[in-house]
Amino acid sequence: MEYVIEMLNIRKVFGTFVANDNITLQVKKGEIHALLGENGAGKSTLMNVLFGLYQPDGGEIRVKGNPVRITDPNVANDLGIGMVHQHFMLVDTFTVTENIILGSEPTRVGTIDMKRAEREVRELSERYGLAVDPTAKIADISVGMQQRVEILKTLYRGADILIFDEPTAVLTPQEIRELMQIMRTLVREGKSIILITHKLKEIMEVCDRVTVIRRGKGIATLNVAETNPNELAALMVGREVQFTTAKKPAEPGKPVLEIKDLVVKDARGIKAVNGLNLTVHAGEIVGIAGVDGNGQTELIEAITGLIKAESGTIRLNGRDITNLPPRKIIEAGVGHIPQDRHKHGLVLDFPIGENMVLQTYYQPPYSKRGLLNFQAIYEKARQLIREFDVRTPDEYTKARALSGGNQQKAIIGREVDRDPDLLIAAQPTRGLDVGAIEFIHKRLIEQRDRGKAVLLVSFELDEVMNVSDRIAVIYEGNIVAIVDPKETTEQELGLLMAGSKRKEAGVS
Amino acid sequence: GGQGGNNAGGGKDTFSVAMVTDVGGIDDKSFNQSAWEGLQKFGKDNGLEKGRGGYDYLQSSSDTDYATNLNKLVRSDFDLIFGIGYLMGDAVKEVAKQNPKKHFAIVDTVVDEPNVASITFKEHEGSFLVGVVAGLMTKTNKIGFVGGMEIPLIEKFESGFRAGVKAVNPKATVEVQYAGAFDQADKGKAIASSMYASGIDIIYHAAGATGNGVFSEAKDLKKKDPNREIWVIGVDKDQAPEGELKVGGKTYNVTLTSMVKRVDVAVYDTAKRAKEGDFPGGKTIEYGLPENGVGIAPTQDNIPENVLKTVDEWKQKIIKGEVKVPTNRKEYEQFAATIK
Amino acid sequence: MSVYDVLQTIVPTTIFFAAPLIFTALGGVFSERSGVVNIGLEGLMTIGAFVGIVFNLTFADRFGEWTPWLALLAAMVVGAVFSLLHAVASVTFRADQVVSGVAINFLALGLSLFLVKKMYGKGQTDQIQVGFDKIDVPVLSDIPVIGPLLFSNAYAPSYIAIALAFVSWYVIYKTPFGLRLRAVGEHPMAADTMGIHVAKMRYIAVMISGALGGLGGAVYATIISRDFSHATISGHGFMALAAMIFGKWHPIGAMGAALFFGLAQSLSIVGQTIPFLKNVPTVYLLIAPYALTILALAGFIGRAEAPKAAGTPYIKGKR
Amino acid sequence: MKSNRLQQFLIPLLAVLLGMIAGSIVMLASGYNPIAGFYALVYGAFGDTYYIGETIRQTTPYILTGLAVAFAFRTGLFNIGVEGQLIVGWLAAVWVGVSFDLPKIIHLPLALLAAALAGALWGLIPGVLKAYLKVHEVIITIMMNYIALHVTNAIIRSVLSDEGFKSKPVKESASLHSDFFDAITHHSTMHYGIFIAVAAAFVMWFLLERTTKGFELRAVGFNQHASQYAGMNVRANIILAMVISGAFAGVAGAMEGLGTFGNISTKAGFTGLGFDGIAVALIGGNNAFGILLSALLFGALKVGALEMPSSAGVPTELVDIIIALIIFFVASSYMIRWLLSRWQKGAE
């Protein structure tokens, strides 16, 4: 069988750190080839080498049998290689079409021929089943839609080898299913795909072969048909991994969070949360399941005081905290692991140590008479770094320099350590590898077992089903059903999330 | 070479004199330049060389430099040191107090120290004369005055000018505008544009580089329509060169005349007196019409004979003390009341 | 004074005040749209004014009536070359763009005055003899009412400035170059992955800003001050910067903002002649243009979003 | 870590050196003797106690304007309005200085406080507009500069003056004048303000690095979103940052009003101290200690430059060129770092 891509003994060094240590990856024509590895294993680096963003320090690349030197993305484009990046490479203020044609714009007398471009984009999207509105602004469309734009960008340039770097991390289950479908279509059309993902289920579902790397080294390449998730996980992490975190039954206590008839408007003035009712008790994890954009963000921001509630009440331990300033709410006992860790979770230019006291810096022992007590701050930081296994050179390192997983661990450490009565965790494991996910789930359950209330918002049905004690399904700003994870199925949840069936009972 | 140092000034048998300019520098086409011209002339007439021990100047690049520059000259052992411009008053006072044995002179303001000679000008008298010219020569009976900053010094120009106009042509109005700065040519041009558009045909400016804009506007209008009667009256120096323009091979000049302020004369005189041992320390010397310290510029091509004659009559009246020219708005009001 | 008379002074003044600001602000738009903050506009105007005047003085005899036009061209070329310093520092050497811009301002003023002293032996040049004429635009100036207001007694460069705003809009929003320019300023990495040379685009953009800033300075000096000294460009570049931000980094917006500044300035001048304002202390009229701008921004313009990547050097491979 | 520290010092130093070398080339190319030029420059700045006094006097306001710009930078704001804040601070200090008769121990601090408050007020307006309406602080501060200039001139003219263009001298009880410095520096205008400026640098360092409020201000400066999530009041902090920055600038004005000049005159244009403050802050790495050094560098260059025309025939503008080049080299520290690493590699 002929390989379309051969990366032979690729080596990439950053300073003294070997990110890719003689990795070999061979992709056959028409296959979906998975690239699997822990956070920081070197997957993105390898793909960036293939796409011409990095120059390898050793090894050889062959495309369709010919040795090539890919000096920049233009060369990759010319070789038919397209990449859908882990962090989207889209210009927010541009339309879908503008993003797609950027760099190879059709023109008429020096002017961009926008009509023709839109027509071409529409044709392309129809051909591959990638429904997008060519004239919509990127900032206005959903993440799943944005990803389709990324795919269209590569197709527009005639790519026949597509690299997907963690495409599903940011997608809802529905969108993931659609993406799988799209990938199958693409392969049928003769394209080859390299897929990076941390979700073993996805690999099992769509991939033909899988290459596992660990700490920059290639470990194995297997036929998916001949392996199973446990083996893959073990290969990747180097030890056995539990997929479902063991937990004892919940012992719910008094209500901690009580939301009554909550109405919250979003930035555009539309009622994103519309008369929502929800109660979370001490000692339980309530998972919010729902398709992105059904009011999850607004719900969290209203609870934490970041946006104003129009009407309704939010009570914490019986006390009305509706529309209090964020600090008062934090002090009342709310912890928050935000969805966007870079934007909301950390001050990336602060040392990791100072990030550990971002909410508590003004309280003793970190502050005395208006002065910071750095000894206490860094003492605390060292303790959290140890307890939560945050991999960082030291506590003075800027948060920016940490990997995503370690940044997330730092945030979780900080929030859990404050011992809040209510912990809100929004997408806490997005983009993390199985090992890290296992760690974080354990911590959430630990909190529950210590008698705290946990509100988990996640688009991962697996996660919601594994971790939650109760699942509240949110649809169009309302809780439309409360279900017991042990008594429901993904299908049922999916239907509820799509708003097709309303369960009147059990809304508490 | 790097021969700096304090004792380089060496043996001193000749009289040496220097000045500190304000930020305008010695080529500001205004009082700094004029002062330097006076000093140069004095130097040449007395066989001095430029530099230490002869005649020299230092330029200030901001008002914090005044004292430093004055002190530099003190330390270079100049016999007489001029501060040019009213802004330098405080610095001269300070440095003069610290060096009671040295001689200083200040232009445009009064410093009350025994070793400082203060030189002021009766700008109002000169402005009165150009006001007479404007009053007699306006066709529209609308005249403009553009001031730099609204300070007492410029008010002297304004009041004298208005009095001159009033004296010979009570029907004429004088539109007064201040640009708020001496260095905003765009503002000067815009003011001129609005004035000329409203029918004003003569503008007297006392606005430094802001006045460049006035000339620019006048020349552009003249160029467009050479038959239009449009005039600028310059200030401080003879600004005839600024008004020159060519249209279709023919040369025109929009400068009607200028009110000159002979800082050069004053500087020369003071230096001379100091050299001759007659330094007027502690005194204020006012240069007015009798002293030829202010007056109407030598370039008078655009002014008819009869107007010049009237100007001369007024000049004599002022010199004789028959007319007292107002120096501020209040005095002007009183003056205007006597006309009607 | 009738309303029409007032307009007749205000409108032409507004336009001539605005023209140098429009050119320069457009330059700023190009530069910042590409992601390079350009606080050096003041310096670029200074260089332009210097070159415009020196060229004019030197070659007026040879080129006659063409001199001012050629002087503008020369100012653009030198401005573009001079701005290369900013480009090299902030694109290639990843300098803090604000710092580099500040350096441009210092260097421009120091260098041009230094050269003036070297060349003329004094701190300011002579007055130029050949400037731009006031023109009446044929046909258009005969239109009743608006003809005399908009098309009489004006300078050709003013119209060019306004036209150039529209040309810039077209270039930035309708051509591949513009699309790439904006992409580089919003998300340079995205542009890079699409095969666009980020550095090259930024160099070009900065040089355009140099050319237009130079042009703005030269227009100012040629039409308004007619000589060059330390005071020729005093704060106009910063006003252009303000116009660019006020106009939300949009060419037409920048032009509108520049015209607004011009209007505010000319109102403050005309205000001194309007009878009922005559007794208002001058200071109110002097600060009116600036206070009006603040009110306008606070009142109805509000927030403006800079191009996202503006101010950050692009380093390949860095997230 | 250690080599980083070293580089932090080395880079500005090398930048200054490269700037001087480039300045020499300019002098050579235009026919001046660079050795004479630099000799004059250094002599004019440090040649004897008088010049040292003048250099320190010039350094004093530079420290404060540098701090003002840096404080804003460190809290995520760009304050181009230091110039205007300085002018109103100057006015307020003089106003208090001439209007009261109080014991020095009350009068002087009161005048300084008035200056700080005036500067703070001038910073408050752009701060509030930024915090509540998201109006870009750069435009507002530029506009506020002009307003400060004209309003101050009008007040001097109509309220404060006896002669129409300048105020009376401030009372002895509000003056920073120092007989001691006067005596040891041969009548330079150096005054006690330098102590205030150095103390202000310490205050800025302490405030930002050691206090709880400083933590908040820096956090908001780096990431408003995360700060808001962490319960900080973003708006209040933006306003506070502008107010403090303005207060530093206002005190810079007091240095001029109570120290160098002892009064205030109508201004034909900006003092330039505020704009130069941007460069001082940036060369000083926006850090309090660095600003002390870069202000001294600026002060020395500016004062030393005055000696260049008379004793070396070099125009003072050359110093602007050198300053610009130094700023370029500081800005392009990446280049210097790259050269250093090259050089280190070569040495290994």
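Just so it is clear, A, B, C and D label the chains in written order, and each chain counts residues from 1 on its own.
The rule we apply is simple: a contact is a pair of C-beta atoms (placed from the backbone, for glycine too) under 8 Å apart; a residue touches a chain by one contact, two chains touch by 3 or more.
Protein identities per chain, from UniProt: A = Heme ABC transporter ATP-binding protein; C = Branched-chain amino acid ABC transporter permease; D = ABC transporter permease.
Predicted, not measured: the structure shown is a model, and the values here were computed from it.
Graph distance from subunit A to subunit D, where chains that touch are one step apart, equals 1. On a Cα centroid basis, the chain most remote from subunit A in this structure is B. Across every pairing of chains, the maximum count of C-beta contacts belongs to C-D.
One inter-chain figure worth recording: subunit A and subunit B are separated by 75 Å, centre to centre, where each centre is the mean of the chain's CA atoms. A separation of 28 Å divides the Cα centre of subunit C from that of subunit D.
Each chain gets a centre from the mean of its Cα atoms; for subunit B and subunit D, those two points are 35 Å apart. Residue numbers of subunit D whose C-beta contacts span two or more other chains: 150, 153, 269. Annotation for subunit A: no residues touch 2 or more other chains. For subunit B, the set of residues touching two or more other chains reads 59, 150, 180, 183. Here, these are the chain pairs in contact: A-C, A-D, B-C, B-D, C-D.
Residue ranges of subunit B in contact with subunit C, taken from their complex: 23, 25-29, 59, 150, 175, 177-178, 180, 183-187, 189-191, 193-195, 197-198, 209, 212-213, 215-216, 219-221, 223-224, 241-242, 244-246.
Taken together, the subunit C residues at the contact with subunit A in this complex read 174-176, 179-180, 182-183, 186-187, 189-196, 308, 316-317, 319.
The part of subunit C that touches subunit B in the complex is made up of residues 1, 5, 8-9, 12-13, 16-17, 122-124, 127, 129, 131-135, 153, 220, 223-227, 229-232, 234, 236, 265-266, 269-270, 272-273, 282, 286.
Taken in their complex, subunit D has these residues touching subunit C: 26, 30, 78, 80, 125, 129, 133-136, 138-140, 142-144, 146-147, 150-151, 153-154, 158, 269-270, 275, 278-279, 282, 315, 317-321, 323-325, 327-328, 330-335. Residue ranges of subunit D in contact with subunit B, taken from their complex: 33, 35-36, 39-40, 43-44, 47-48, 50, 54, 57-58, 150, 153, 157, 163-166, 169, 187-189, 256, 260-263, 265-266, 268-269, 271-272, 303, 305-307, 309-312, 316.
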